[in-house]
């Protein structure tokens, strides 16, 4: 019972915080609001830890039913939470990293007059995200799914006075919605097939099913996932989403929300296992996303944009893992990525804070002396994501690559290229920001403690995160994998069957090449920054990459402009020139008919008599004819 | 038949009163006489047997229609007090002629002999030819009178030819004998009889203004003095329909004649409604609307059904009430607008005379057939009849035309309920007129809510 | 006897055509009188002597005189009438012709009507007609007085000389008329 | 004489009267439309009435039924009444527009 | 007693208002509507399932017109909807400048009375009478207080609606003849009409509702009318009038011409969805706030109708649930339109923008209304939409897909609209009052209803479940 209460408290606390903050947003100061919000999410974190401690993995998980929600006829969809290994993992990530980012935001946002609103929305986001991960059925997950979408919209457009930000916010929401179409389709399909949406029931029933419908269902789910997790072709919103305050980017667009797609896939892993076709699709889309996003990251000049493309790319890796059926590897990468990417974003935020809002890395440089903590933690984040040995990213990424190798060396090679590009652009970023000479004209200053403490905590986590799922190779026993397996009865997570030697060799190759990349980057950017010239001067291919493969332009030409055109013309032509005239036309036709018939009434008495006579004769003739 | 005597005498008395030029007394005596007639009819309620060697039969059917006509005539006479207030001459004559015409109306709905049919049609009509020209100095009035007379006589000639042929075929003027003949004939052919029926129906159809024998109606309605127009579209129409139905009710109509009736119905429905769309002169609009209503009434004729007389009775009664009220409103508005008859004269009526406007609204809605007014019930019952008799497509057309009908009525409503640009003085409404309008307005709603009140 | 019928028939048809076609109303009147007289002849042939008599008195004696009277009163005895448009005239003739053709076509197989009563030579006599008139048709006979009364009232009302000057232009013109005037 | 008339009724077929009557009726009906002079129009109407009278009389003789003749009698009454009314309307018209041309009556239309 | 109260309270109050024209018309009307609401809530509490018949009187028996009033679950829901909506509609008048308040509120209450009649009627003719009567007061609302070009648009609206109305009458008359003059729904339901007849009879009956809703090719009257109508008139039209269409389909079409429904089901769904997409796409670029709401309503209604014609338990219940949500949504959206109009003097969005800085509370309230519009989970709309999609899926996956595109389209135009009204650079040259106490009193309950019923839809779903199951089971028996 207490555990049920705890489980309910986890989403309830941030919700409560959101409500309180929203209603008192006028009266609270930024710091108080921040403190309250942080306390709420931290409370949720504590509850999660308590739940985690009392959780017995052997029981597999349980459902906490809060109340009946949609219950009509044979449809029973309760408002219920599910506590199992998977949701606990995600809860810990969301509340844990969430708490840190809330804390960080106190410092970051303290000058903004709408800070209380910001914290309310952040808390609301936490609530939605927790619903997403804790839902005991698809529909509850969907509550969170849409909820995080809304909060993402609000937070991206937090500075609402800039039209571009509003555009970015709308773009994010709409693209997510496109994914949601898939998600809803999947849900109605599954409901129709299984008569329920409870994860537990579906997973139990589904494991034996062999049904082509599952391919459709999983494809639809994956469409939902591409929207939320910014995969091809729906990834362009994520870089734009950097319009929001940096903590938002860290929490929503790096650590938590964007991993919802991965979470959903892992949640429905049983279904995906039934649909190898879908898995292949996921695999290749993941690979393509990872490479394309990484390539774009090479030439970006906005500190947050680089990180954003990096996020997209890393999400691609996670999907590759999902496509390979190694769900634990994906979750592991989700976790480590949450650590280091949150760290990087917060670090970037700290840099931006230090420079008074400057985001262009061409105007930075040489900051390592000014903001030491930031530099140090950022450095750790960078090597973590680059996958230098023993960092958290090293373990998680190599696990995925090993699985890839197991499938096909080509795939491994592709992923390796992606990893190298990651290394390159991250170190390019690091060097351009912190090394060399300062190219801007602000006065950099270190951030306050509320901001640096989260940085430090995350840095530690980025280093030791690998321990969570330490592979056998390093004497671990893949704790996370075994833990997660309890959440999905019926299937076994795919395990790595490569020999240790192969693993060592792969690691060696990777590490070596990464180091080479770091060297190249160092050479080009650390000593004397060779900045790219104007885009116009670049060779074609490079320019294409610098212009983000022109995806935005493509979508604008393909969808946005035609849609606007359609909207304008449906109204001005279809509606106003066709539909309304048809309606009026009927009336006018009747009127002109009336006008025509009216002519018969000439007013000439003789004619009237003649007409009467004529009418009579016509009647007579008809009669005679018919006789 | 004391009623006929009473009415004839009443007419003469009115003529005498006219000599003394006492207008108030004329109307008063007229109304008193009509009420007397009402009482006489009501007291003779159980008189069903044929009278005068079986050439008329004052049965329930005839009595019901007679009562409606008398009631409407009373309302019109009440209206007449104000209407004729400023007229210098011939007032008594006009009252008397209306009474004479009414006498014809009473006869016509009780005929059982074709001679009586013809005579009473003429008695009904001839006073109207004169009354239509009642405004002697008005060109339009004269034109209306002449056109009415000319076309009426023409139609009479056809009617006569028809009656003669029917007689030729059946050797009798007696309706019962003719009905027996038609039943015996059933299916067989008799061209003389067929032609006779044909021409007779054409002649009667002229009276009810069915297309293509409707040409007189818009012109006469427009040209005639408003009171007379009201009289024509209510009393005369009621009488003509009563006669029409009495004529064909028990006849075994040959297929060709039925076809003729259907075609006539369709044409009437169509033309009346469609042309009314383009009318902006209110009286003319009412004329076409009257043609349109003829179409709906004819629809009830198609096929024989025991309910038809009752439906006709209800329809005509409620139609008459609404029409009388509207013509009074028209007269008042027209007076305020210095003789204009365009529907825009109603503009601002709601602002200046809210109750009159609401009453007019109720009557217009009734004519349009909006629920809870009598007009709806009437139309509804007609549709039930025609669908019961299997005339689905004709009914579909009627339904469509009902929509068209609503359109032109609602245009008038719109005028009445749109505020005028500049403030207008309220239209002067004499108490009696107010009373009649109120009676009509309330009656169409009461009869719509409790349709059981008006039945044969 | 048949010859007599054809004679009367010819006279009536020809005079009827003259009525319709004569330019001068007086000629029409005269032709109509001839026509009526021939019809009276038919009545005699049909053994309806009373009717023939009444016919001559009423129509030729009263109605036609009234026509003549009005023609003289209104000074219409000149052939001033403009002809109608050609279309209208053609239409009128066609209409009349078609009416006749259809009516005649309807009885092209002859009228086969059984005589309702055994032949009685006396039906056209005043006695038998009067008997029917005052028994069976008493009501119409009485009621026709109402008809006459209204006709009388009407004539007095309409044809009486005005006490004051007519003022026909009080009525406002309709819009169509106004348009025509201005055009 | 009486004999002759009786033979006439026997000899002249009913068809002939019917056709003659139709012919006169049609001429009248056409004439009403044909002419513009109202007074002649009135005469044509009379012609139509008379054709009906003729028909009725023929039927009366055929059926040996005096009632039709009574009807003819009534028709004459009505015709007389109508003519007087018609002529007085005509007089009024002449006074108003100084013409007896039907085409002058064209204000009311549409 | 309940039925009598429901019919009489608004009707008599309206009569008093119209004839006596008291100065305090609005408070009186408000009290009257609240009294109706209280009665309805009592009815709801005391409702225990089944069809409750309150009166069963002969009116004109011979013609099948009988005064049978009562409700089943669905009817009760519609009654509740009407009762809930009207206090808001009347309340929205505060702040609107109208002359002749008494007449205005009287007409509103007349509408309410007639709407109650429609939803309570258990006799086809009685239903029809109510159905047509509702038009009359609305006609005058539009004619007296409408915007530009109101004379033409009002008449067009009136006639267009009546085309459907008379077609409905035709259908009802036809049915009555089949049933031997018994117009009660119970009797009509038991008719067995040949399938070939049902195929055309379906349109005779459905045309009225198709126009009232309106679905795609019959919608042309709607945008202009919504735009032109006075705010409260649009509320009446959008929040309750069109629900008569849904209810009519449920009551008159589904049980009586099932074979016809089967025959036309796909056609209707496709038309409805075309309308949904069409309206939604057009709404995107509308520069006028009120037109945007009009087209958005058209889009929502398209989905509603499609859900209804899914013709299964989820579809029908979802549609009715969504009907409720839509009513609340329309009220909210239109109130905000009114609030903006009151502040900026126009409904043109190009004159707005950047207002959030001046009116953050109003912006927040708008946003809360908006989440219902885009059917975010835990709002009322989501429950309805989910059920409808679940129902539609049983008919066809493709149709479900098209229906789902509206959630994207909806997001596009709603957020763009929100942006154009509220967001963007501050308008420095205008001063704007933030949401007043009145705005809060109005909008907060609406939002609360939305959220409460979004989280806890049970009570309403309970109402819908039994009658819908009964309808479907009776169909499967036949």
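Labels for the chains are A, B, C, D and E, by order of writing; each one numbers its residues from 1.
Here is the rule we use: contacts are C-beta pairs under 8 Å (C-beta built on N, C-alpha and C of every residue); 3 or more make two chains touch, one makes a residue touch a chain.
Owing to the predicted nature of the structure, the values given are computational and were not obtained by experimental measurement.
Taken together, chain A and chain B share the touching chains C, D, E. Number of steps on the shortest path from chain C to chain E, with steps defined by chain touch: 2.
The chains touching chain A as well as chain C are B, D. Think of the whole protein's Cα atoms as having one middle point; the chain whose own Cα middle lies nearest to it is E. Looking at B-D and A-D, the interface holding more C-beta pairs in contact is that of B-D. In terms of the distance between Cα centroids, chain D is separated most widely from A. Look at where the CA atoms of chain B average out and do the same for chain E: the two points lie 43 Å apart. If you average the Cα atoms of chain B and of chain C, the two centres end up 28 Å apart. Note: centroid distance chain D to chain E, computed from Cα atoms, is 67 Å. If you average the CA atoms of chain A and of chain E, the two centres end up 37 Å from each other.
The multi-chain contact residues of chain D, meaning those touching 2 or more other chains, are 18, 25, 28-29, 32-33, 36, 59, 62-63, 65, 67, 70, 74, 78, 81-82, 85, 89-90, 92, 96, 102-103, 105, 107-110. Across the assembly, chain E contributes residues 159 that each touch 2 or more other chains.
Within chain C, the positions touching two or more other chains are listed as 84, 88, 91-92, 95-96, 99, 103, 106-107, 111, 113, 115-117, 136-137, 140, 144, 147, 150-151, 154, 158, 162, 166, 168, 174.
Every pair of chains in contact is given here: A-B, A-C, A-D, A-E, B-C, B-D, B-E, C-D.
Residue ranges on chain A touching chain C, taken from their complex, read 606-607, 610, 613-614, 616-617, 620-621, 624. Across the complex, chain E meets chain A through its residues 156, 159-160, 217, 219-221, 223-224, 278, 281-286, 313-314, 317, 354, 356-357, 364, 367, 371, 376-378, 382-383, 386-387, 389-390, 392-394, 397, 400-401, 404-405, 407-408, 411-412, 415-416, 419, 422-426, 455-458, 461-462, 464-465, 468-469. For chain C in complex with chain A, the residues that touch the partner chain are 84, 88, 91-92, 95-96, 98-99, 102-103, 105-106. Every residue of chain D that touches chain C in the complex is listed here, in rising order: 2, 4-9, 11-20, 22-31, 33-37, 39-40, 42-44, 46-47, 50, 53-54, 57-67, 69-70, 72-74, 76-85, 87-92, 94-96, 100-101, 103, 107, 109-110.
Here chain B touches chain D in the complex through residues 115, 118-119, 122, 126, 129-130, 133, 136-137, 139-140, 142-147, 149-150, 153-154, 156-157, 160-161, 163-165, 167-168, 171-173, 192, 218-219, 222-223, 278-279, 284, going by the rule given at the top.
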